[in-house]
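Labels A, B, C, D and E are assigned to the chains in the order they are written; within every chain, residues are numbered from 1.
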């Protein structure tokens, strides 16, 4: 029953939409009945068209995310540990950080053309800052007790890095990464809307332009589902990696 | 689903960013000079990446003529209005979901379905009702920035520990007093963090919406500059957007510091 | 007279078998008495206090105050939590914390302010009224929580290991402060601790609990003269004997 | 009485020159219209704005309106817009990089070609070109690239050809960045054919016959002006679109006809239907609602 | 022999005037001795230990171990921090924590594992080797930190209020455990506490410090027989006298 209340509200809203559309209260052309959208969604999913389009988008988003992680997490940790490096890079970072990623798409297109390269650049740009900031913060806010302990037991710098700094900053990096996930997806979609021949963003835009409105909604729904899945997947992986952290924070 | 932690901030830990050492500024200046040189020597294509000085000149000219200021004003107005609507809505919904678990459960599925919707894909639909300017930007940005606020408020509503809740009960306070004076202030730091993300999202989405639909505003300015084949103007527009984002963020951080003055390190989280 | 009769509490966690924290505890606290409740960690002392205070419904048994059964926090009781730092509202100053819990109390604003200030003075925090909790040391926070409980004007004070995380010197000061205030104002006190010395030092009666599910292991009257002294009372033969007896009791069970 | 305000959506490119001229020359005012022009990003935004009533009239390329008609929208052209005429008014051209080895459309089989928007007039045009050249229409891969970025895409080699619109054709060719492969890529639609025009909801036209007719008259006057004073028209274009004046003087402009003839539209409908953009052709007259007729 | 000579430490915070935590402390810890260091909260005890351990450079004075001056953490010393929970790495299991600090120690992997396991067994945590720190109670965490210090094989144990946040019963157990292990393995121990009873109960010698800037207020040998007993030793006249003396000393200054 507890679970049902959510479903109930959801169904009620869907039914309201259906009714409004069928009775012509809202433009049926732009708000086709939910049942029509659902049927379209089903057909396009079974035919493999939508999942395929979404997959190419998601894979680009994931590639961008991982790239950003690979570069920015170590850089952020280094900035968090070394005050000098942080002082060196902070002005540049702070200058770039407030630029909204969509605003650089036109520039990226001039520079990198319209291929996958441009999209990756924009995605990486969008994901970099949350991850970087998470890593800086994580490394900076390590409990001094941990560092002292490592020092008291005469551990090497390498051990300190891999045994203390990395795991201690992990949750913060993960939090940054989680902020970056939806951003990666949105920016991937946006970059496809401007220049691509594949991807769910492009599909949605194209359907919109050719007035295939139910197909457009189906695309939006598919994107929503992928967003949900990507979020949940990230959550699962991070929860697994940071099991100790969940227990630690929730356990004492 | 665990809501994501509010995004950390660089200046978070010690309340105030570390002093920008001379080295950092030198690096920045060096990079700009490098850009200038590469562009002047045509090692970077000058019609894609004009020299910094050209961009600066263009920017200055646009500021003097008031053209950019006007566009920026429009963008800021739209972003703030969208942020106001979406932020308030998201916080209210999220806080209510957190405080009243039954309500939260009832809304959960709908919210989780709506949350990942790309707001930008909804622009053509929005045009039907909201036209092409202010209303549209506010709606799309509001929709987008409601979610970070929502997530933060849901998490924030659970921040007050059992000791605080029970203290209010022991001392005979009413339910509403407990919500207003205990749960809400405890949630404030997280909500502020969520709102801060929301503000950045609002700016980004307004710019995108302007690019896609609005006849004016900085986003439109950037796109038109690129369409007219004038990269200098385009970069000037991008810089202006960055300044708008940074300015709004700075103002918000200052306000947040005041709102959280009671915290050990105002500005933490 | 506060009476606890056959108090039983099981925590049922969804899925896992229920933890039985209290297995039928009965004792009573006469008006004006200082009763210490001592028992091993995790035996259910906090659970007991929460049931007594009406914050939690017992699984069986009942708590009555002057004959009336308690089902919601009564205005006659103030509970001071185990962890003071977590129970002070960080967004109010120390004074604000006290004034906040006095919202529903009768009296004018000025009167309440007066009450709050004098409670702070009683615990020696008059100069820190406008400080936020985190600006104080752990011991000061503990005193602030105590002041809040005192200002509330409740006849009955329930204290849950209030001095557990305070350093030894401060702790002695706080013990003496509490004992003094309680005697002066004729409060009824139910004081939970796991420190046998402390329990004996403060109380008129010590109630010892067994490991979970907690039952009453013994009720021991302490006949040490008041006021007590950190050096002299603790060297007193009666103190040492009581201490030894409870020690033996808790080790045995 | 004050004239009722009329909101018109247009795209700030040469194809909408009529609008600039009508405004500059005061034709709208002379017809008793209080027109507010809104520069828009493209048909994808104009159509919903017209459908929702935010705009009374908008400019759109023909294929979009044809597609909308097929999906049940009740749009109709009420005034002719830009017309393409082979040899004299070719605003589109298929370009290849200046150093490209591609000599004919046949060589594009298996290659990538940039068009501005998939599913519009240019997709139909590319497919028609392929068919003409005797290669399978889907042997050419089409990607979407905004017009301003096409020259860069060509020189980077990320596309092998691009169907470009003025002023970018003239810009790219005069800079030596590209050369023309097919000067009239839209020939399949007929000669002349309608590139785009001014449209509104049929319901709106029915409800506002006087305004619709006045608008049509103003646009027709503008067309006449452009035909009579091409240099002044170019000056207006350069000033209003911030196009560099040298470029504005050089570029090819479409023809702006004074009447809306079904014949100029039917070819577009038929080609769209042939290449699957449309499920079946329909008479172009369905899309015309010239007020006063 | 660990010798502390004229140890002085000022914390200079940028801008504000320097806090002088240690104002010239001198005493020595003979090999195999158990020395308790007692002093009011904030007097600089933790600072002293960190200087002794080489984690921090004193402003003046020096610490020598068998004649050699200490400038970096020497392998002969293990420091057990004030807050065990904060010094156990939450991302390693208990066993992992111990193995981690043994990384640089000589010996094969198998030997080290053996060492780690036997240290855990010594503190009664053999069954919890694979648990994460946060899965254990506070007392168990404290024991784990102790095991880590013991496993490190250092001759000298520096303990900073190790039992401050542990409940009274567990604390008694841990005190006896530490005393037993230290005697058995002939460790030299410098034990910081603010609990006078605890200091006296455990030590051969109690060093009392004054409020900051800390100086040595008194050095008091404790002649209670070993092994000690929580009931009997604490009732012993010599215990009570030493306790009273230190109490008076700390109250006075």
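Heads up, the rule we're going with is that a contact is a pair of C-beta atoms (placed from the backbone, for glycine too) under 8 Å apart; a residue touches a chain by one contact, two chains touch by 3 or more.
Model, not experiment: these values are computed from the prediction.
A.B. asks: Show which chains lie in contact with chain A and also with chain D.
C.D. replies: Both chain A and chain D are touched by B, going by the contact rule given at the top.
A.B. asks: Chains in contact with chain D and with chain E: which ones?
C.D. replies: The shared contacts of chain D and chain E, listed by label, come to A.
A.B. asks: Look at all chain centres (mean of CA atoms) and spot the one farthest from the centre of chain E.
C.D. replies: D
A.B. asks: Could you put a whole-Å number on the gap between the CA centroids of chain A and chain B?
C.D. replies: 16
A.B. asks: Starting from the mean Cα coordinates of chain C and chain E, work out the distance between those two points in Å.
C.D. replies: Each chain reduced to its C-alpha mean, chain C and chain E end up 32 Å apart.
A.B. asks: Nearest whole angstrom, what separates the Cα centre of chain B from the Cα centre of chain E?
C.D. replies: Result: the chain centres lie 50 Å from each other.
A.B. asks: Between chain A and chain E, what's the gap in Å when you average each chain's C-alpha atoms?
C.D. replies: 48
A.B. asks: Which positions in chain C touch two or more other chains at once?
C.D. replies: none
A.B. asks: Which chain A residues reach two or more other chains?
C.D. replies: 27, 30, 109-110, 205, 208
A.B. asks: Show the residues in chain D shared as contacts by 2 or more other chains, in ascending order.
C.D. replies: 44, 47-48, 51-52, 146, 149, 152
A.B. asks: Looking at the whole structure, which two-chain pairs count as touching?
C.D. replies: A-B, A-D, A-E, B-C, B-D, C-E
A.B. asks: How about chain D: which of its residues touch chain A in the complex?
C.D. replies: Residues 43-44, 47-48, 51-52, 64, 67-68, 70-73, 114, 117-120, 141-146, 149, 152-153, 156, 158, 277 of chain D touch chain A in their complex.
A.B. asks: Could you please specify the touching residues of chain B with respect to chain C in the complex?
C.D. replies: 161, 163-164, 166-167, 169-174, 177, 181-182, 185-186, 188, 262-264
A.B. asks: Once bound in the complex, which stretches of chain C touch chain E?
C.D. replies: 40-42, 137, 139, 164-165, 167-170, 193-198, 230-231, 235, 240, 244, 247, 250
A.B. asks: Where on chain A is chain E touching in the complex?
C.D. replies: 143, 145-146, 148-149, 151-156, 159, 163-164, 167-168, 170, 244-245, 247-248, 251-252
A.B. asks: Under the definition above, what is the set of chain C residues touching chain B in their complex?
C.D. replies: Its residues touching chain B are 50, 53, 55, 72-73, 75, 77-79, 81, 83, 86-87, 89-92, 100-101, 103-104, 132, 134, 152.
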